[in-house]
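Given below, in the form of structure tokens, are the structures.
Look at the two complexes coming up: chain A is in both, with chain B in one and chain C in the other.
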Partner chain A sequence: MREDGAADGGCDGNRRSFLGIAGLVTLALAPGVSLIAYAEGAARKHAGAGSQRRWGLLIDTAKCKESCTACVTACSAYNGWKNEGRPTDAQWIRKVQVTDPSTGFSRSVPLMCQHCANAPCVEVCPTGASFRRADGIVLVDRHICIGCRFCMMACPYKARSFISENLSGQRPWAPRGKGTVEACTLCVPRVDAGKVPACVEACAREGAGAMTFGDLHDPASDIRRALAAYPSVQLRADLMLDTGVRYEGL
Partner chain B sequence: MLAIRLIIPTVVLALIAAAPAVAGRVPMPKIPAAKGAHCVRPTQWMRKNHMKLLMQLRYEAVHEGIRHKRESLPGCIACHVSRLPDGKYPSASSKQFFCNACHEYVGTRIDCFSCHSSRPDAAYEMADGLRHPVARAHQAGRGSAAGWAGAMALVAGRAASSSSRGAGRTRAKPNQGAAATRRERLRGRF
Partner chain C sequence: MSALHFREIDGRGAGFWALAVLLAAFLAAGLTAAWFMEHIGHIITGMTNQVVWGMPHVFAVFLIVAASGALNVASIASVFGKVAYKPLARLSGLLAIALLVGGLTILVLDLGRPGHLIVALTHYNFRSIFAWNIFLYTGFVVVSGFYLWVMMERRLNGYARMVGTVAFIWRLILTTGTGSIFGFLAARQPYDEAIMAPMFIVMSFSFGLAVFILVLMAACRGTRRPLGDDTLMRLKNLLGVFAAGVLYFLLALHITKLYQAQFAGAEAFLLWNGGIYTVLFWFGAVLLGAVVPLLLFWLPQTRRSRAAVGWGAASVIVGGLALMYDIIIGGQAWPLSIFPGMRVSSSFYDGVVNFYAPSLPECALGLGGCALALLIILFGLKLLPFLPESLADEVVAPRAAGADVRAATSSA
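Our next item is the complex of A and B:
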């Protein structure tokens, strides 16, 4: 349908010059635009829990001494909970003596939230307050927890506590309050800051160095190397919860 | 007609002159002064939208593990809560407490501090009253090429420093002189 080759060429020329100008404009604008995007992206995305990691804990029960409670004391001090022996007192971590009655084999182990991949507490929560972070840490969002305690009933490790009284003097990094359920957080503020949980640090410093913290997805991490080298178990492995806390020597 | 032309402006001027006296009779909230040079967002924006920002930061911190030091509740507390003349920190339910000064005035009640600490934590004390290197550059050179260049330089610096983050994020204490100059430049902007 073309009638005039020259007109066609002219049109092509116009397009070329337009593209040229557009290109120049883009060149002039793009650096500024991408600077904003880059600067803001870097500001908002510099941290955050991603599923490329899964935090885990390995406890060597052969090293853990019955008399030592350094992990419990450190957790209590860092997170600001107290257990004065009353049945309803908070208990993020506790020492448990496990004994095989048929042989008499006995070990003292620290027991806390096992940070399951298939966490029953998350499944039963009616509000979504009990949740699993992308990096495997199971937490309670106490802003939306209604204190129904379903999760406490669902947890096979009795890892969660309910706060039934008004509190004061909470730690700035560990908010806690009446009417909500709480448990071991694997010291998320510390983990997000690149440190290890308070119990692990205390075990290495005052205890026997029985606890190893690390990334279960990283084949080069201490915890993965130890898991590969020695046999370990998950507590109540029959429930197939895929726990983040593993025990050696049980 | 001329009389009206004269009277109306006179009345208007008289009213304007009398306005401070009228405003003085209205009880206003006494808002305790903050320690930093200015807020993490423009003050007027914060007056309307602080709750939205807090909700966003809360979600990011709890669910996504994105924690900003200054843009966080402890960061707000560090800047906005000071000791009273008697050396004690104000109770979260008293009028001397920053949040409560306005909330009590408008008749709203918040329950943040039944769980959260209402006292400043040493780790969050303000170094120079400004939050983020990028935001700082935005504010310092808003809209200008120098601002973007500054932002890029800071981002580059940030990337370099974040590569050594494994050993715990340590942040170099900003140069006090530079911080003072920056504060001087920003004074009056918000």
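Our next item is the complex of A and C:
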């Protein structure tokens, strides 16, 4: 018995000392490992996003045809949302027919998240799930979106949608899920890979090339030169939101 | 002068348990509805991408607003030194906590992801009035609980005025925060007014006192405790002033809006041709919320009638719920003005009045929250001495006449 006991005791002692050392090592390393993980996460989160750039869109409504929905179709296909005509369906981009009732002058206007510098959705979000990247793209962090919909109440453009039911067939690059809010991301994975958003590409390919995407901070960019050369407007400019999306011909 | 004694209600009779079972059934229905909403999604509600806040928010905001108002009775006693209200102060504190918990429960269970509530408690964006409200609401429960303790623990009665003042200021800030949820929404024409904050405060005075009066009458009747005419008429007169105050703020809000051409369409919708929203405004908020109670409270034929007080308070509550529906749903039904002055149409319902019909699950959730509040009140009264054994005039009146000045420090 005693031998067994002694043997057990020895084993216990070894185990204890091993666990003690392991604990100390963990305690010593954990903060460092956590910091590295945090730094990597932070680096990933901001990869491609820097305040030296501000991504924006310019839409020439004179070129945009009422019958053309190439931008909507492309956005839907790339990001995996589908409008089946129900009021609960998500619509990241839509075509709005805008008519002046006093003159009858009418334009067809693609409308999506305006990626405001002073975004009301970002201001009102209680958890910070609605956020604006350094390069001006406004996004929703689905991990911390609790689905309160205050951002939808605050958005002046009705650019956001709430997911009211289980989804399937989501795209790996466009996370979507029941109970959270979503909107146009300016096709952020494409932008980070050096491409233009799907709507812009489709408009150039199938439409009249009414959409120009680019860096609003770069004086040499197409969008910046077009903005400098022709009059453009921000929707609800009275709200002083400094939108990243501008319109010509409205 | 008869002594004032607080005592728990017996809570052993068939009536008590019948009421408890009824309320528990409503609560169970609400929880079941919440489970389905969480499991299947908000597709089973009437809420859409156009009307994003629905019936749960009507009940939740009503309860939260009423909660802060219910605490007023205690504040009148402790902060403003009106001794006649002192015997009612404990019940006032209980109602404040119960109504707030009921309202918050609805709000939380309506979230798209209620399971992520912990996120709301660990991630804060302090530019959001919602984030502030999380602190204001939870803090209100803590402050009210502490206030109750100070009122109910004889050795701590001396602190009642100090704690009561903190609670009073807290509740004013809380309701300012609730009103500001709507007042800050510059994008929506029916909201976007600073007057929303003080209007919500007056609404809280009115709705909270109406609930208080009904609970007090029911509790006294159910336990056969005397409730003096003087006490009831005093509360009735106060409710009349508050109901008239709500009417005044509604008048000021809509006249301000009507004066500006840009809001003409939205105002016409809410006040003239908005269908259910117009009906709810005039027949609900104005008629039931203010005119009917004022007539019941002050017409010579009914001014001393106890039944008229009860009906008047009930009318204020129904009118208050109608007003909440009008503000929350009606404000969203009116389309956003993205292209001011233009006629617009789209596949996303731009330019049209948004349709909303509440579904059974969301009504069940709202009523479940109300049932939870009433259950807390019911069992609160059974477990702790919130209610005096008698509120007869001869018990309350001498105290009222004698020592208003001593109110702050006199024992509850």
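To be clear about the criterion, the second predicted complex is superposed on the first by the 203 of 250 C-alpha atoms of A that agree within 3 Å, B and C clash if a C-alpha of one lies under 4 Å from a C-alpha of the other, contacts with A are read in each partner's own complex, and residues count from 1 in each chain.
Simple rule for what comes next: a residue touches a chain if its C-beta (ideal position, glycine included) is under 8 Å from a C-beta of that chain, and two chains touch if they have at least 3 such contacts.
Owing to the predicted nature of the structure, the values given are computational and were not obtained by experimental measurement.
Visitor: After lining up the shared chain so the two structures overlap, which partner does A:Gly209 touch, if you call chain B first and chain C second: first, second, both or neither?
Guide: Neither partner.
Visitor: For A:Pro175, decide between first (touching chain B), second (touching chain C), both and neither.
Guide: first
Visitor: With both structures superposed, pick whichever of chain B and chain C touches the larger number of chain A residues.
Guide: On the superposition, C touches more of the residues of chain A.
Visitor: By the touch definition at the top of the document, which applies to A:Leu111: first (chain B), second (chain C), both, or neither?
Guide: second
Visitor: Which partner does A:Lys195 reach: the first (chain B), the second (chain C), both, or neither?
Guide: In the superposed model, A:Lys195 contacts chain B only, not chain C.
Visitor: In the overlay, answer first, second, both or neither for which of chain B and chain C A:Arg149 touches.
Guide: A:Arg149 sits against chain C, while chain B stays out of touch.
Visitor: Return the residues of chain A at which the contacts from chain B and from chain C coincide.
Guide: 143, 166, 178, 180
Visitor: Residue numbers of chain A touching chain B in their complex, please.
Guide: 32, 35-36, 38-40, 42-49, 131, 133-135, 139, 141-143, 166-167, 169-173, 175-178, 180, 188-189, 192-195
Visitor: Considering only the defined contacts, which chain C positions touch chain A in the complex?
Guide: 38, 40-43, 45, 47-50, 52-53, 111-114, 116-117, 119-120, 123-125, 127-131, 133-134, 181, 184-188, 332, 336-350, 354-355
Visitor: In the complex of these two chains, what residues of chain A are touching chain C?
Guide: Per the touch definition, chain A meets chain C at residues 83, 85, 87-91, 94-101, 109, 111, 120, 122-129, 143-150, 152-158, 160-166, 178-181, 235-236, 239, 250.
Visitor: Which positions of chain B touch chain A when the two form their complex?
Guide: 58, 60, 62-67, 74, 77, 114-117, 119, 121, 123-124, 132, 134-135, 137-138, 148, 151-152, 155, 158-159, 162, 165-169
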